[in-house]
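Chain lettering (A, B, C and D) follows the sequence in which the chains are written, and residue indices restart at 1 in each chain.
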Amino acid sequence: MSAVLLEARNITMQFGGLKAVDSLQFQVKKGQLAGLIGPNGAGKTTVFNMLTGVYQPTHGEVFLDGQSLSGLRPYEISHLGITRTFQNIRLFKGLNVLENVLIAAHQHVQYGLLDTLLQTKRFKSSEQSLRSKVIDLLHIFNLEKKALEPASSLPYGEQRKLEIVRALATDPKIILLDEPAAGMNHSETHQLMETIAKIRSQFNLTVLLIEHDMKLVMGICENIAVLDHGVKIEEGAPSVIQNSAKVIEAYLGVEDEA
Amino acid sequence: MHDFVQHIINGISLGSIYALIALGYTMVYGILKMINFAHSDVYMIGAFAAYYVARWLGIEAQPGIASLLMLILVSMLACGFLGFLIERFAYRPLRKAPKLNILITAIGVSLFLQYSGQVVFGADPKVFPEVMTDYVLLTFGPVELRSFDLTVLGVSLVAMLCLEFLIKKTKVGRAMRAVSSNALVASMLGVNTDKIIAFTFVVGSSLAGVGSVLVGMKYPKIDPLMGMMIGLKAFVAAVLGGIGNIGGAVLGALIMGLSEEMVVAYLSSTYRDAFAFGILIVILIFKPAGLLGKYSVEKV
Amino acid sequence: MGFLKRPFLAFLALAALGLIVNFGFNAYIQLIVLFILVNCLLSMSLNLVNGYTGQFSLGHAGFMAIGAYFTAFTSSKIHFLPDSLQLLEFFVFIFGAGLAAALAGFIVGLPSLRLKGDYLAIVTLGFGEIIRVALLNMDFLGGPRGYSGIPSFGPFMVSFLFASVWILICFFTIWRIVHSSHGRGFLSVREDEIAAEAMGINTTEMKVKAFVLSSFFAGVAGGLFAHFTAFISPSSFTFLQSVNAVIMVVLGGMGSMTGAIVAAVLITALPELLRPLQDLTGIDLRMVIYSLALILMMILRPQGLFGGYELTDLWRKYVRRSA
Amino acid sequence: MKRLLPILCVLFFLGACTKNTNEIVIGEYDSLTGSDATFGLSSNKGVRMAFDEINDAGGIKGKKISLITLDDQGKNEEAASATTRLITHNKVIAIIGGVASGRSKAAAPIAQAHKVPFVSPSSTNPDVTKAGDYIFRVCFIDPFQGLVMAKFARENLNLKKVAILRDVKNDYSVGLSNVFKREFADRGGQIVADLSYQAGDIDFKAQLTEIRSKSPDGIYIPGYYTEVGLIAQQARQLGIKAPLMGGDGWDSDKLSEIGKQAIDGNYYSNHYTTESADPAVTEFIKKFKAKYNETPDALAALGYDAARILAQAIERAPDLSGKAIRDELAKTKDFPGVTGKITLNENRDAVKSAVIIQVEGKNRKFITTINP
């Protein structure tokens, strides 16, 4: 329980003259459910992009299980076990639900091009098992009935769930959830949080989630880092965060702006 | 040495021809993010409009600056009007369609103009009237600088500055930039996007009109397919400089003109076009948005 | 050998069609049918890149040219099998033509597929032009004089069946790949590259794979074209030919194999169908009509004839509705 | 679209039904549209005029000639399909080909396979008639015309150093250049530069500046008048005074219209001279001007001769079979064509003399005749 799985060492992201994230340092331990919170524009998504290789940090390094991720392409990082969802839902809109998830399982496919062309037994059986595995995953979120519907036709909440299913299909060590509850009402959010806790234990996962809304995170996260203007201002258990003056100030300041 | 200087002059002169046409491509691309493949054929129509009007008015008998300006005006009007029609009837219905569809429509319009041009004007080349006489401005030994070369360069630079001013400093320009960055938001803010886009097309196309008269004056042979080759080169020049960037178009065009000239002079005339595209490919691979273009990081 | 069942049935169906054309129509129609087969290969192969993988290629004629010249050169210069097996020899050369084009596709694709959208289109256009200019300057391939004396397959039926085999290889290769995990990888690149990468898809590899495979079949199409016309020259492989291929893909509906085939038939036949019009008008208006039809088509049915669906999907829909 | 298709299909088969047994149907394909259209249309005008004249004079064997012209859009494969259509669909008894050698090479094997006589007016590449014994032509072949100018440049103009500027896209231009290069060098001349452009270019100063630096005595530019006019202007602008030389591709009124004074004094090889007292020539020019309101160029003259040679062979043939017409075509001897006295040799190529012309404004001054 105590081994460090993911570590960001002093990562900085600079866009032109603007430092979106400044020397951020944090760790996520194996099996933990960690949170990254902060007001709008604090740089949370930028952190995710650096962790998953979409951006290369201007300075600093990310480590997974002690291995440096610098210079790796996003797909390579995904193969190593980091997966994610997107804040502004990036499903494969033109494809159906099943295909969306199957694509994420591509890295575990056992057959080659020749098997495909000759339609070998191996091709057929592994396609079969792939599909049943994916259906099982969809089942967790009650999406299996919609397997053949276009992803774009799902209601918003289900699209978010589908993103999680898709991410799970990569067989990750750690899943990064970018505002998974955005746009959901209270009961939906509650239900989602329960599911997240459930999949964590079922798949032996580590979870790092971004939430804009502080209260939601408090309930389930074991460790929380707070970001403001690209700088980590606080880190610790929910109780620590709740009582931090800096955090309150950061959030209040934002409300003024809004 | 004097050959080298002559090559530089030739190259700049050729480059400024490309620049005049490249400006039209880049202008439309900058606002609409579409390759207006028909631009080079609008240019062709401009040349023919000027040709017929000049013959009708008997302008050849009285060459001079007034006749030139008059023809440029005619050609600009014809091209602008044609640009308006093309936008209204071919591109506007496709505003929300996938990019490939718009590209194919543009190619369709281009083919339509080329082939109906062959039917209407005839396929044989026409001789563009001599509106002004070319003369030597300066000589250094065998090196010559001619008035047409300077005129074309001057006009393309002035056109560039006018466009820069139009886009950066005027109210219409602000609206154009708004449409370019986000058409939906722009329309919510009260910008009449249809009008702005039509205006962009009219301006871009009338630039082709200016180009066609100047080119017709310098190279007095026009035919319905005259836009094909020069259009492709100008377009490549616009991409080279960073399509959507006004200054980039002129820079790209001058680089194209000079490099074509130098390839012919010092490497191999037969591989000239291959080199032109080779340069483009190398630049795009190392600088994917062209020389002056800004590479936008996709927001995730 | 179960994997050959469907292709074999399809082959029988094509052979029957071939027999009808062979006995029911004159040499002119037969030649058009052969050109249709070549264009089917072109549109199916480009569909893999444009339709399924969402990359924008305007240089298909270049790869076709490489295949055509490879076939022309080898089949008229090299002879390594007894005469009775000449068709097999041709098959080997056309396979080689595909490989040559695929190699070119790899060389072109690797650096340029980093680019997106219009930029990729321009770079591939540039490569196509470079290939054409290079051919103009290669004297051993005839330069602008072209390359003549390419052996023909003989009677129409032989040509037709030979081309049919390649059509089926192309169709089933692409169809099966697209309906496998690899193909879903292609689709994910088209849909959203960033999400695809995050889900572990090596998008560069996918793009290059699609591009190379597509170039392979463009090369094969070129090879067949060379045999059918017995004479090729660089002017057959211009930018307009690449555009024609793109038009077929879009007209058929991006990402629809059967759509690509139907569009290839239409686009090849249309200019010929319009020929008699010249008797009425006195001037050749074919291209004017063709271009107008193109514009109207894009405006009235932007998703193409089949809009990403397959003929089989539409059939199923129809059956379901009427049942 | 769906509704249009049946209509098109009906149209498609209509062509075949309009046949009339009192007509002799002859086919022609050429580039009526596309980038070579200006040449194709010229050739077509010559062909049409010849058949109109023959029809006005009563036709052949008492029958009228019906000419079916199809467009090849400047594409080889279209030339192939057009030729096949003419033969199998329109059932023509003979074919007149188009201008470009490339298209002839795609079309001729088809005519040969169907044993339909094929006469090319102006495809100069030597390989064209090698397609078989049904393929003829009425123009010079590249080796002859290249040789003619090499001889003239070396022996009459006494040039020593010559530069070549060729149209690399055009097989005709490349063919002439290659022959000229060899023949001129064989006669003790020196080729100081060999540069190229592409048809459709408008700026040639890069090549010309390079040529100027080699200070040649003459420049050989065997391209078409569409570009040569501009080349001449730019050459003079750069101060190149050396004479320019070319082939029959120069022969058009447009040459001097585009080139203006710059083209004056330069030489090209051609089939005939307008100064000729030969009534065949003067008559042809007069009638052509009356009919089309323009001066014929070399391509029109060749189209005219090709059509008349074919018509005469048909007239002489005992029947309308391909073989009979072919045999009569092969016997063509000393035909008094506009483009010279034409004899078809055993390779089915025209044997005729060439003339050297000097441009003088609108006039074409006859300089000398060079025999094969």
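Note that a residue touches a chain if its C-beta (ideal position, glycine included) is under 8 Å from a C-beta of that chain, and two chains touch if they have at least 3 such contacts.
The model shown is predicted, which means the values in this text are computed figures rather than measured ones.
Peer 1: Across the interfaces B-D and B-C, which one involves more C-beta pairs in contact?
Peer 2: The greater number of contacts lies at B-C.
Peer 1: Could you tell me which chain lies farthest from chain C when each chain's centre is the average position of its Cα atoms?
Peer 2: If we average the C-alpha coordinates per chain, A ends up farthest from chain C.
Peer 1: Central chain, going by Cα centroids?
Peer 2: The chain sitting closest to the overall C-alpha centre is C.
Peer 1: Measuring centre to centre with CA averages, how many angstrom lie between chain B and chain D?
Peer 2: It comes to 35 Å between the two C-alpha centres.
Peer 1: As a quick test, compute the distance in whole Å between the mean CA positions of chain A and chain B.
Peer 2: One centre to the other, that is 48 Å.
Peer 1: If you average the CA atoms of chain B and of chain C, how far apart do the two points sit, in angstrom?
Peer 2: A distance of 33 Å separates the two centres.
Peer 1: For chain A and chain C, what's the span in angstrom between their mean Cα positions?
Peer 2: 42
Peer 1: Among the residues of chain C, which ones contact at least 2 other chains?
Peer 2: Correct list: 136-137, 194, 283, 287.
Peer 1: In chain A, what residues contact two or more other chains?
Peer 2: 54, 86, 90
Peer 1: Counting only residues that touch at least 2 other chains, which ones in chain B make the list?
Peer 2: Correct list: 115, 270, 273, 300.
Peer 1: Write out the stretch or stretches of chain C touching chain A in their complex.
Peer 2: Within the complex, chain C touches chain A at residues 2-3, 172-173, 176-177, 180-182, 184-185, 187-188, 190-192, 194-204, 308.
Peer 1: Can you list the chain D residues touching chain B in their complex?
Peer 2: Residue positions touching the partner: 32-33, 35, 37-38, 40-42, 168, 195-198, 200-203, 205-207, 209-210, 212-213, 226, 229-230, 233, 237-239, 254, 257-258.
Peer 1: Could you pull out which chain B residues touch chain D in their complex?
Peer 2: For this pair, the touching residues of chain B are 3, 6-7, 10-11, 13-14, 17, 115, 118, 122-125, 127, 134, 142, 144, 146, 215, 219-221, 223, 225-226, 228-230, 260-261, 264-265, 269-270, 272-273.
Peer 1: What does chain C use to touch chain D in their complex?
Peer 2: For chain C paired with chain D, touching residues are 26-28, 31-32, 35, 136-137, 143-146, 148, 225, 229-236, 270-279, 283-284, 286-287, 293, 297.
Peer 1: Under the definition above, what is the set of chain C residues touching chain B in their complex?
Peer 2: 50, 56, 111-112, 114-115, 117-119, 121-123, 125-127, 129-130, 133-134, 136-137, 194, 239, 243, 246-247, 250, 254, 283, 285, 287-288, 290-292, 294-295, 298-299, 302
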